[in-house]
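What follows is a set of notes on a single structure, which appears directly below.
By letter and in written order, the chains are A, B, C and D; residue numbering begins at 1 in each of them.
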Amino acid sequence: MDDARSDSEAGLRTDVKNCGKTGFITCREDGLKVEVKAGMKNKIRTDMEEDMKTDMTANAKVNMEVEIAGLKLKNPVLTASGTFGFGKEYSPFLDLNRLGAVVVKGLTLNPREGNPPPRIIETPAGLLNSIGLQNPGVDYFLEYILPELAAYDTNFIVNISGNTPEEYGLLAAKLSVPGVAALEVNISCPNVKAGGMAFGTDPEMAAEVVANVKANTRLPVIAKLSPNVTDIAAVASAVEKAGADAVSLINTLLGMAIDIKKRKPALANIMGGLSGPAVKPVALRMVWQTAEAVRVPVIGMGGIVTAEDALEFIFAGARAVAIGTGNFIDPRATISVIEGLEKYCLENGIEDINQLVGAARK
Amino acid sequence: MIYLVVKTSGMVLEHVEVANGIKYLKLEAPDIARSARPGQFVQVRCAAGCSPLLRKPFSIHEIDRANGTIGLLYEIKGHGTQMLSGSRAGESMEITGPSGNGFTLPGDPGEECNALLVGGGLGIAPLLPLAAELREKGHKTTVILGFNDASRLCRTEAFAREADRLIVTTVDGSSGEKGLVTDPMSGLMKREKINVIYACGPEPMLAAVARIAEVQRVKCEVSLEAYMACGVGACLGCVCRTKSIGGKPYARVCTEGPVFDSREVIWNG
Amino acid sequence: MDDARSDSEAGLRTDVKNCGKTGFITCREDGLKVEVKAGMKNKIRTDMEEDMKTDMTANAKVNMEVEIAGLKLKNPVLTASGTFGFGKEYSPFLDLNRLGAVVVKGLTLNPREGNPPPRIIETPAGLLNSIGLQNPGVDYFLEYILPELAAYDTNFIVNISGNTPEEYGLLAAKLSVPGVAALEVNISCPNVKAGGMAFGTDPEMAAEVVANVKANTRLPVIAKLSPNVTDIAAVASAVEKAGADAVSLINTLLGMAIDIKKRKPALANIMGGLSGPAVKPVALRMVWQTAEAVRVPVIGMGGIVTAEDALEFIFAGARAVAIGTGNFIDPRATISVIEGLEKYCLENGIEDINQLVGAARK
Amino acid sequence: MIYLVVKTSGMVLEHVEVANGIKYLKLEAPDIARSARPGQFVQVRCAAGCSPLLRKPFSIHEIDRANGTIGLLYEIKGHGTQMLSGSRAGESMEITGPSGNGFTLPGDPGEECNALLVGGGLGIAPLLPLAAELREKGHKTTVILGFNDASRLCRTEAFAREADRLIVTTVDGSSGEKGLVTDPMSGLMKREKINVIYACGPEPMLAAVARIAEVQRVKCEVSLEAYMACGVGACLGCVCRTKSIGGKPYARVCTEGPVFDSREVIWNG
């Protein structure tokens, strides 16, 4: 199985870039095959999927495009940072070019090992994780990963975490290069003891971080908020004042689980971040409160798996949505959400998805 | 290495209890069967809804390329496998795979190897297609299967068809040799030259196998387990500690593994 | 079907008090029947259940008794306020006398209508509610309900909510009567706009409320904490300093859901409180943090359905646990938790359940 | 009023699709059958685990005291009913009931009544045992069953056995009379004296029935639905707005209901 295979029976062909060392021959649910040629560096052509898409929207005329902080997205569906790697990990399952944007794994100034395992455990309708921001560092990203991503025709938003406001600024400066569509400022990761958490739970510090990022980039800046706070609207307003072009929420809720047999915390790191359907009601409430408090666009996330889930967030006031844990449940969740949203609009006579934003508030 | 990973819908062809709390599941999944290699795994969505939430990983236990089917062997452990065990022939389930790296087949083409396969409990699952492929390639195989007791013994007939030699152990002696699955190893390796060891099972067992292999200076591959979320290398949730893979302290069991050179693994405790 | 029936075939009889207007003939899972005679006012005899219990613990010798704020409980399993009515609603399903304590529905000074319906909606592994503290008021409780409860041989803990610290004091004074075993001070109900929420999210106000209650009663005082805060340990420490004899947590997480078809919030009150298995990881984390911060006993709750769930809380540091939403999933959940805990102790050679408290912290 | 409520394990005896997306489920549950009255309901745990979380309420659709069985009629609506629909004969499920107050049977013993039963969609479910009991007690019954279209029509044969007269309507006219289930009411009530009306169905339909009953000054009982958690009156989650029941503005559908005098109910909109 060391050679790329061509499935001529399928009668359809697409060239997909070789993703790093590992090439993929992808094969989708619908039985269509995509051929991979190792080492190829062409712009990705995904005619087949494009055709499908065109077919679907031809008579449809639903505008799915949304604008976040001056950034035009094909549709309002993003991936949530840390759940989708750098995008290419999911390319066997779907055409990345169909996504509104890919938000990549959180980067830090220096490479990080991350926390010792066990790092994840399932809880009722939820997932606890304590990855601890394992990542290769911003320089590696710029040198090795970003150039590969250039082959895709979608927006890549880079999620950043720092130990000090200045570090955030430095990261922002380094990442202000072509190929990066926007920055998402993670002031909310609950797994980094050194600072991360504190920024997100204090409006003033959150604002300081955002101000530092804004001073170092002309890219759109999205502030990603922590749900582990008494008053989410206060934090949202503070980062808005500090110049954030958009806010995204929620990051994970701080939680834990105990291994009964071992009588020890199930995660090596003791606590972790809770995500998935379990947190959806909390996320939705915070999106509602935040949309009321700020004028900048809100990107909603937390437990979205289906188009119905996404609609709840849009109705609550989210201009776009991101899917995190949902990718683990169904690796094609993003695509089915995009298609489901489009179908909903068609069936309900909605010409522009933007019309639905905040519909439940009216 | 090139691999195929697909999301597909697998139809249940057969689903039977083969030992106490252990079931054998045969699925129609031609896309997976076509490219699967021994040591790879699939992830199965055990139920609609979010209970359980995650797709659950299972080793590929049988590969029938001609008929486009794969077999799984699993233990009913928690909620996911409980839900899975309710599925019936004719129903279909979402699966993704084949995932992971799989075992490395030994030697150069034409060169005959003497391989030792050691499986403890459900760790026997990935060894069956490996034994089949080794036999097909003309290698010699000895398989040791270790069970807790006779009530958990299963699939010995299938292994007997593929292995040159089959040894069964149970902890309580209720079937086969009494003792641990590692007990017969030293004697065997004294009597003859083993070129490569493949092992799968609980971690303490794998650590013991790895120690024996190291002492005897035999190449050894172990298949590890870890709690998995994405299964495609994106979430970094499934890592194990290794000595140097990719220059990083942690390797992803789902992509750099589940099969590792036993010398790479840092064992707990 | 208007007469009380006696099932002599069962060969077992127990007299159960007529619960208000509605009498029950109860019949348990195990096929045993309990006869009800309308209007009876005797002390409840539940010989059959007592027998079962004795049988179980005879050779066992597990001490299940725990002490909370000077109050001796038969076992560490309580019901969570608002989910178990005044107890008698569940008497068809179980013998209330087997419970460590019944925590009754939250009471206020004056009767409250509660919020308009819809008041509840299921979410993934969770339940959103916005009952809005519907209750008959403290005077009605004292006159009509408490006397009925005297027939049971278990502890009744009364949960109270006020609009001002003084109101809490007044409630405490009124409720300091025989038959009330302890007071649980709800400073955390997220559904009452007038105050309730604010007390629980501010350490100083929480302390003021508790101090007012303490000044007006000699009953043990349990402070029930809100999870909708940045720093639970700070609130716990504040109420401990103000004199709380124990803390209980968590109350519900503020959440919401949207009805896609109506494009409106699913609850009439827009937001509600999230409970059930979904919140367990958050609850457990807060119990862990609180047990670290205070010396008074911690009563843990949030998503407990099984004995395993309860063990997680006990290992995290909870001296007792309460079951709320779990009663809705299985009306006999409390009993199976009690039996499961006892079985666990037996199987693991634990002679006293108190030995397990905080086991995962060691 | 005295009632029995039990938690029991009901064994599935029969489980069939009787119309598009509508299933009939027959359970062995002698404890419930023994004491159940028309208009009461049971709550069914549709799946292990927490998806769905709550037990789901269903009207008791058939009561066979002699054989100790009850029948349910339900629509596959969301996740709970989806999971329920997978259960097979021989399996058992946790159920609680009989819950709620049930319909009030008319008149004094011996006095013959002319009753009109109006069911819309799945609202037909509780009317079948009511029709049976009315017939047994010697009353005259007219049953009007309203469906969306022919594909949703079901259980008419069972009703035909119990009712003196059966009228079927469909919104699109694909079966029976074209129109709403309330359409035949006025004509019928002009031609003859109806002593009591019983209705179950969607709220707008119930409100329409209630209006007709009020205009014609006929006693009318309606069976309401509400999202339920505890089902025993403890959580106060299932309330509906009423005029004066128990002196309180809100009544619990699970205990003061699900059957209410139509004049007590405050209709939405």
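One rule holds for everything that comes next: a contact is a pair of C-beta atoms (placed from the backbone, for glycine too) under 8 Å apart; a residue touches a chain by one contact, two chains touch by 3 or more.
Predicted model, so just to flag it, every value in this text is computed and none were measured.
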{"item": "Both-way neighbours, i.e. chains that touch chain C and touch chain B", "value": "A, D"}
{"item": "Furthest chain, CA centroid comparison against chain A", "value": "D"}
{"item": "Higher-contact pair (C-beta pairs counted), C-D versus A-D", "value": "C-D"}
{"item": "Where chain C and chain D are represented by their mean Cα positions, the distance between them in whole Å", "value": "33"}
{"item": "Distance between chain centroids, defined by C-alpha means - chain A, chain D (Å)", "value": "47"}
{"item": "Centroid distance [mean C-alpha coordinates] between chain D and chain B, Å", "value": "53"}
{"item": "Between chain A and chain C, centroid-to-centroid distance (C-alpha), Å", "value": "40"}
{"item": "Junction residues of chain C, two or more chains touched", "value": "124-126, 276-278"}
{"item": "Shared-contact residues (touching 2 or more other chains) in chain D", "value": "50-52"}
{"item": "Overall pattern in which the protein chains touch one another (line/ring/star/complete/other)", "value": "complete"}
{"item": "Contacting residues of chain B [partner chain C, same complex]", "value": "50-51"}
{"item": "Of chain C, residues touching chain A in the complex", "value": "123-126, 128, 201, 228-230, 253-258, 260, 263-265, 270-271, 274, 276-282, 284-285, 288, 303, 308, 311-312, 315-316, 359-360"}
{"item": "Chain D contact footprint on chain C (complex, rising order)", "value": "1-4, 22-29, 31, 36, 38, 82-85, 89-90, 92-93, 105, 113-114, 116-122, 124-127, 129, 131, 134, 276-278, 305, 325, 327-332"}
{"item": "Chain D partner contacts - residues on chain A that touch it in the complex", "value": "124-125"}
{"item": "Of chain B, residues touching chain D in the complex", "value": "47-52, 79, 82-83, 86"}
